[in-house]
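Letters are used for the chains, namely A, B, C and D, taken in the order the chains are written, and counting of residues starts over at 1 for each.
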Amino acid sequence: MSRKIGVLTGGGDCPGLNAVLRAIVKTAVGRYGWEIIGFRDGYRGLVLNDYLKLKRSNVSGILVRGGTILGSSNRDNPFHFKVEENGEVKYVDMSDQVINNIAELGIECMVIIGGDGTLASARDFAKKGMKVIGVPKTIDNDLYATDTTFGFMTAVNTATDAIDKLHTTAESHHRIMILEVMGRYAGWIALESGIAGGADVILIPEIPFQIKKVAQKINDRKNAGKSFSIIVVAEGAKPLGGEMVVKKTVADSPDPIRLGGIGNYVAEQLSCLTCLETRVTVLGHVQRGGSPSPFDRILATRYGVAAVELIREEKYGMMVSLQGDRITAVTIEEAVHKLKNVPVDGELVRVAKSIGIEFGD
Amino acid sequence: MSRKIGVLTGGGDCPGLNAVLRAIVKTAVGRYGWEIIGFRDGYRGLVLNDYLKLKRSNVSGILVRGGTILGSSNRDNPFHFKVEENGEVKYVDMSDQVINNIAELGIECMVIIGGDGTLASARDFAKKGMKVIGVPKTIDNDLYATDTTFGFMTAVNTATDAIDKLHTTAESHHRIMILEVMGRYAGWIALESGIAGGADVILIPEIPFQIKKVAQKINDRKNAGKSFSIIVVAEGAKPLGGEMVVKKTVADSPDPIRLGGIGNYVAEQLSCLTCLETRVTVLGHVQRGGSPSPFDRILATRYGVAAVELIREEKYGMMVSLQGDRITAVTIEEAVHKLKNVPVDGELVRVAKSIGIEFGD
Amino acid sequence: MSRKIGVLTGGGDCPGLNAVLRAIVKTAVGRYGWEIIGFRDGYRGLVLNDYLKLKRSNVSGILVRGGTILGSSNRDNPFHFKVEENGEVKYVDMSDQVINNIAELGIECMVIIGGDGTLASARDFAKKGMKVIGVPKTIDNDLYATDTTFGFMTAVNTATDAIDKLHTTAESHHRIMILEVMGRYAGWIALESGIAGGADVILIPEIPFQIKKVAQKINDRKNAGKSFSIIVVAEGAKPLGGEMVVKKTVADSPDPIRLGGIGNYVAEQLSCLTCLETRVTVLGHVQRGGSPSPFDRILATRYGVAAVELIREEKYGMMVSLQGDRITAVTIEEAVHKLKNVPVDGELVRVAKSIGIEFGD
Amino acid sequence: MSRKIGVLTGGGDCPGLNAVLRAIVKTAVGRYGWEIIGFRDGYRGLVLNDYLKLKRSNVSGILVRGGTILGSSNRDNPFHFKVEENGEVKYVDMSDQVINNIAELGIECMVIIGGDGTLASARDFAKKGMKVIGVPKTIDNDLYATDTTFGFMTAVNTATDAIDKLHTTAESHHRIMILEVMGRYAGWIALESGIAGGADVILIPEIPFQIKKVAQKINDRKNAGKSFSIIVVAEGAKPLGGEMVVKKTVADSPDPIRLGGIGNYVAEQLSCLTCLETRVTVLGHVQRGGSPSPFDRILATRYGVAAVELIREEKYGMMVSLQGDRITAVTIEEAVHKLKNVPVDGELVRVAKSIGIEFGD
């Protein structure tokens, strides 16, 4: 029986999105003979009816590529959709329009690939009767209902590679090297890349830090003959009792502005407390880019195949999920709005502390 | 309480061995103030009393390095140890010598890092009363009692990188590219790198292949306008009803000899059956080398810390193990001599078949 | 003035071909408003009139990709073109057909990107009155009339990466690791990757080797406490007084056949002469693949821009060339049929010998 | 004849320094039987008589490692050496002390590896009668007297890799991605990585930019359907008529401070002028790190061997240099204090403009 399925990718992009799309198309079109419709730029394509038919030729060669061939859109909420009319900005509920669009196209089920916000809208569409299947996506690995998502390990690889590079130059020069990585609410990238890269200090949002303890660690190392230190700091890390250091943008800040983030803040404080030179690297969106790692390509492929199988089994409202090394499914309802933070006394933090890594707590 | 612990690395090397050693030393010496003795070249060092004291300075900077700073030795069995006397080769049981050596050194427990053979000897030493802790190591990921071991993912990365490179040149030239990878008894590297690299055909020891089905797949692709194909073949793959194609060495083969392995065999057969040009890459020990991937560094670090904790808890005779995403412990007894093969109808094979990968079965 | 220019890529592919095409299109179409016609699969497209119009959108995103979007063809000579008629193979001069084809398309000049064979045909077309511009391409860096070509450095990177990986595992295991790399007539890849990777022995076609000298070097290292050695061997290397070891294919060899190349030959000999274990890696076409290195992308871009400028200056019959760090032009006539071998007492070989690398001479 | 030679590495570190040291030791010790003394932390080791004898075992395995096993020191000038006495900082001429130190050690010649500042001191020592040989080092490739130096290409590789990664995520999200790279006075890294990475805009110190022209380029792309742009900006780039945007440090700036550099400045301006989201990556010292590329390893090895040969030929006061693809020597005198800027109408800038890259001029 031929079926017609829609798919979109929403939220910040992750290496592996294309691998999911490829697996869906290869399985649904190649194996089952269904038709797949891809909407462009996340929910925006669903609202504006901007789509293309995804054939096998469309997904040829995309396995190795970062980004998403469908495009994405960060903040488009179809239930609260930004429209400009006569120069005026309004937010309108376009969800009925979406329901109409897919009905007219004859699409019976939507595969929604996205993070917390994107999946929350998917859940709301499900409540309106849409048949949806979710695929989780988060570079920060902070989704509660799945052990791991694709893209995260690639980001850890990129951050670890940067730490490896900082190591050699730090060793030659008696300096404090600070690497600011992604992780606004959850410190997984900082934690895993910090352990993998052999960092001396890791600062994450879950563990507010005391800068004096960090300085102490550096001075202890100096006294032990190690005149350099590597610090990995998640962008959302904050001092104990302090606030997150926000990078202000031109729109919301009076002049003179503080453009540096937490990495620069830590550098500033430590150069004062240790009298050592500090250097800051801000990796930024480099972490979202690049070819997905083999691990992420495999995981994304498994997710894509599993999503198609959920449709075959008519398990709508479910999201594919990795538990241990098994692919399973949970309801989208239970998946959204629960952040998976680094457990502050979980195994990974304890391992890190065992080998002498300082968290500033 | 200061304690004295021995450690050795045995069997073929894997990226991550140094990370295990580093974690053991950082935790045992740095945190608990114990003394760590490292034996050189696997059991050989234990037999010949060849060792060094491992201080924190010895493990500085080794996290990122492949190989093992202790050296290893592939086939030394202390219960059946090869000695040459007056030009004559004999095999002698040196296990009592080993027991004596560590007693004289005051070593109370040995951490044995190795694969199936190395761990089997560890079990035999345990039976003789030695306190041992095992850490699993296998590039092929074929140990039964743990979900994953370090080094495997690095090997998958290396193999996938080779497939990625073959893809571009294959596309430009209408050829069959064959990549022979490690995996004498278990096809995990071929399977995972094949999925990750987008191979068209994967041949593994667990699924004897019919070369005609492989040729059929290639001809189907040709008829669909795809004039190139990528085949990943594990060194232990074999034709249905046939034998493993062994690379003979000069010592055991009459002239003229067949030096090519299964990769060359497949190339030969397919160039005949498809009339397409074939090219073979034999990755060999390149797969054992290189800096461990972040995933493997983290896993190896967790293993090292867990091994020290097992000593503290006096859980001798146990091996650290990864189950799902948790570190746990199993008895060495139940860990050895059980191969973890690719389940021929497990999820990964089914995923691969879903996206159209041919196994020749 | 709008002009119409043709382009093709011939011979074995190289990382950087797409970068040349991109630079030609960006400059010719984007800057000068010309029209570019790309022929598929080398001269085959010219003979069979198989082409597409190359617009800027066609070259978007291809800078980083290996291979060639036009496809290539290894052995098609339009002056001696293989055709099958009634099951019979004939070789026909199709050069007049080619001249007709481009005349009818209104193409005034052809940019021919290729190696020695491809450029020889370009020269022959020039003699028939075709306006041609040559762009040199050789993975082996063995073209006489240019210092370097794109793709070569990427191949050296790939080979060096393999040596780096072999190093760690060799060190841990007291073995001889042999890496067979490309280079049928010229040993540049072996020489440069061997120096860059810290090989102990380099064997190249230009310097016939005595296997006993190689074994001597390995034994000297063993006596000095270094129980491992790395050997890089070009596929065209041969023993002094011996022949090149050819990998026979099923078509031309009686059974039993020797499928292994020079790498296996060297392994066989050395395991006999040194009693050390040997392991062979055959990189094969992996060396032609992958994303071009930044150096190669820049060089390829410079070539592409320079080719367009030669057309503007009406310097037909010329080939772009790198001399020192300057882009210049030479006549295609003087460029073809002159191999650039490794000078056996040139600076690079002397440097290699200075740091103790053995060539077996 | 046995000779005793000293060596030091000064200034900011570069991938390849270890390769130079290795080549010097392998050639001087291994081939000629000389003795090599390595001074620690640049001139500081020479002043404080802090040194070690470099044997072949010291340089084993360092070819692939970034940094310098000797350590370096950024701002120590032996003619104006910072000393603290009774809590007071003074600057003292320690050059006579240095002369004495090496005389007492019996060192007949010093090999000085460093950038402009380090080589200027070498020249001054030469004037005082010291026999010196220079080896040029600059990550920025801005030394006048040599075509290229090691480390630069590795930095270009790192920057290009970041651009490649930014590309995929930029394409998916309709954003301006800004990469700030090294290059305070010369824009070589920005220029070469920008061409290699396919940047849309390159901003370098040699070409003061008009932000409106940059915004125009981005808007032109947007109108042509390309909703993302990649900008590479050298840290020393500055607006036409403006000043270099300095990253102030806590020591020299009143609160509130501007911690962001030129990358943030450009982001701020463009988000205003184009209404597109901008994201900034500041690579920082990651560019100095990592394993040297094969090209840099070979060049560094050639430099090391050439430095030893200059000593043999007693060509003191000379610096090794790469001209085209030949290693030659120039006097240190003519090498120092001449910056090699990007020629604003040289071939590379013209090539970049040919393929549509905007410089803001």
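Things worth noting here:
In the analysis below, contacts are C-beta pairs under 8 Å (C-beta built on N, C-alpha and C of every residue); 3 or more make two chains touch, one makes a residue touch a chain.
Here the structure is a predicted model, which is why all the values come from computation and not from measurement.
Touch-path distance (fewest steps) from subunit A to subunit C is 2. Measuring from the averaged C-alpha position of subunit C to that of subunit D gives a distance of 32 Å. Centre-to-centre spacing of subunit B and subunit D amounts to 41 Å, using the average Cα coordinate of each chain.
If you average the CA atoms of subunit A and of subunit D, the two centres end up 34 Å from each other. Residues of subunit B in contact with two or more other chains: 164, 167. If the chains shown are joined wherever they touch, the resulting network closes on itself as one ring, and no chain has more or fewer than two partners. Within the complex formed with subunit B, the residues of subunit C that make contact are 12-13, 15, 17, 65-68, 71-74, 158, 161-162, 164-175, 177, 249-251, 256-260, 264, 268, 271-272, 279-290.
Looking at the complex, you find that subunit C touches subunit D at residues 22-23, 26-27, 30-31, 61, 63-64, 147-148, 153, 156-157, 160, 164, 167, 171, 192-193, 195-198, 291, 293-295, 297-298, 301-302, 305, 308, 323-327, 347-348, 350-351, 354-356.
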